[in-house]
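The structure under discussion appears below in the form of structure tokens.
Letters are used for the chains, namely A, B and C, taken in the order the chains are written, and counting of residues starts over at 1 for each.
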Amino acid sequence: MAYQWDFTPVLANAPLLAQGLLNTLKVTGTSLVFGLALGLALALLRLSPRRAFAWPAGLVIEVFRTTPPLVQLFWFFFALPLLVGIEMTAFMAAVVTFSIQSAAFFAEVFRGGIVSIERGQWDGARAIGMNHAQALRRIVLPQAVKRMIPAFMERAIELMKTTTLVATISYADLLFAANEIAQKTFRPLETFTVAALIYFVVIFAFSLVAQQLERRLGVSGESTVH
Amino acid sequence: MSLLRVTGLTKRFGANEVLRGIDLEVRQGERIAILGASGSGKSSLLRCLNFMELPSAGSIALDGEVLGRERRPGERVYRESELTQVRQRIGMVFQQFNLFPHMTAVGNVMEGLRTVRRMPREAARLRAETELKRVGLGDKADAYPAHLSGGQKQRVAIARALAMDPEMLLFDEPTSALDPGLVGEVLGVIRDLAEEGRTMLLVTHELGFAYHVATRVIFLADGTIHESGTPDEVLKNPQKERTRAFLASHKQYSL
Amino acid sequence: MRWDFTSVFANTDALLAGAAGTLRIFAICLVLGLGLGLVVGLGRYARTKWLYLPATAFVEFFRNTPVLVQILWFYFALPILMPFEISPLAAASLGISLNSAAFSAEIYRAGIQSIDMGQWDGARALGMRWDQAMRRIVLPQAIKRMLPALTNRAIEIFKMTTLASAVAYVELLQQGKLIASLNYNPIEAYTAVAVIFLVFLWPLVQFTYVLERRLRRDE
């Protein structure tokens, strides 16, 4: 007996899916911005010669890279509010979790990029009287960031996939919406297939854009002419 | 007038003592060539003079003012803010150029003026273009280092150092990384600077150039000044055996 | 705020059951994921488009879809097409394994491609067939280079096992949820789960650093 596919109930709920997708992008975008900023801060702390700075930063990075994101999400959503006595919406818990989690990974990318800049660049900067902060800001970081862009793109795409976890704390992202629709319409096959396809199209599109960007950046100004 | 006075300069890297008590006085207008085998400490000496490396012991005085603070007898500590000031007054040119690849030639030369001296962009650019013209690269202002030859890169590096109006210039083997055909253009610029009366210290293997341009020649061995004197004295009539051996082994750069 | 872990300790057998479940699904997904990944990776390396295109499609699809979506699809959607039930373990294992296969395929491909062509020449000059050259000469050398990345993948798989809790498979996080709801102590419960994962994974993560350092030194 062949199964009769019927996508109409799914399409009838398209607005719900669209809203879900929007919420997914909201969480991803917000977490990405905070994650990048926090990641840079963590990286600079980690590189600091002062152990009082480097050690805690290293600890945060290791803990958030070694524990599963879902455990972190549950902890920030269920445990933290009780611990500090503040209300946490699912969105807040998600953004806090994914910002710190992605920051831990971004920090390692930043650190690797900065460390990869050869010593001669620091020498050239210091020789004209720059202090450490100026050398970092004007000379080292601009060069490092260019090298780190592929890794960043990869991490950002990972983040987009990780944020689906918010469905487990009932935040109305695309996956949550799909689940609701599947239960409502008794058409889980069509609903989840559509959801999977939407995710694939969006994420695949982003990864293609990322590849294009890398290719474009590889050509401008930095070509090695010997 | 004594511009720089170095007293008992010692530099250790772990257990390795690279400089063992160097005394040196540099007067305004002097051009000092520093020779020595690799490992003799000549790069370390230069890098201590603008505090790219910190002395393990001894003191350095610029314009009569001793730098750093004596925390314990024989042990000086240096504040970064003081050192960045010193580095604006002493310029350095590196063997590997160390140009900033993400900036154009004029961008490189302007960078110190903009970020360290906080000069407005237009004024800095004008000054930078003047320096580039001075080293013969006025038409390459907007080129990126990747598109310049080694000799051109080094000349931009010299312009970058000059833009800061240094009281003294340090050259760390400026032509050693260049193809032989490109060495001449860089030496030409350095000679012009010498003729202007600039104070400079030059670590080099180009003995002929040192002979014609230097006012004093120093031969470094095992971390101390083994022999010192006028170019005629050290290069034509060396007194010490090691100096003679060194000059003999460097015939390819000879006079 | 007084932390009280007694309720957590009282439920050690629940946590142990969770740990057993975590290890079971980890083992399944590790073997399936890295095993299938090798096959797909070889497909990605192949020159014939009948192998290359399906492999590429597989990799692109399973790398660009979230694992949780796949797990839910296998749990809710697939049973509609199949005449049998799909257990939480099966659904979660399928989702995690296929995703891991896609990622490890790229690790295998990059590792094999990084072996100098001269090695192939040397092997073929001795009269070896393609598969003999691959098995005896190329793969052994490639494995060494791929070890850090593959170990990282294993760590990722271990962390992904928590996603099985979304379909109520009995693993560590699921047990954590259970304990938290029964004892009203989410702080202690989830902290305990996090600590257990740290205990499991920290040595493995440090080991990958050692591997990476050793690799960089040898190259």
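Here is the rule we go by: contacts are C-beta pairs under 8 Å (C-beta built on N, C-alpha and C of every residue); 3 or more make two chains touch, one makes a residue touch a chain.
It should be emphasised that the depicted structure is a prediction, and the values quoted were computed from it without experimental measurement.
Graph distance from chain B to chain C, where chains that touch are one step apart, equals 2. The most central chain, judged by C-alpha centres against the centre of all protein C-alpha atoms, is A. Each chain gets one centre point, the mean of its Cα atoms, and the points for chain B and chain C are 56 Å apart. Between the CA-based centres of chain A and chain C the separation comes to 20 Å, rounded to the whole angstrom. Each chain gets a centre from the mean of its Cα atoms; for chain A and chain B, those two points are 47 Å apart.
By the touch criterion given at the top, residues 3, 62-63, 65-72, 74-75, 78-79, 82-83, 157, 160-162, 164-165, 167-168, 175, 178-179, 182, 188-189, 191-193, 195-196, 199-200, 203-204, 207 of chain A touch chain C in their complex.
Touching chain B in their complex are the following residues of chain A: 120-121, 123-132, 134, 138-139, 142-143, 146, 221-225. Listed in rising order, the residues of chain B touching chain A in the complex are 50, 52, 80-81, 84-85, 87-88, 91-92, 94, 96-102, 111-112, 115-116, 144, 146-147, 157, 160-161, 164. The touching residues of chain C, when paired with chain A in their complex, are 1, 60-61, 64-70, 72-73, 76-78, 80-81, 155, 159-163, 165-166, 173, 176-177, 180, 186-187, 189-191, 193-194, 197-198, 201-202, 205.
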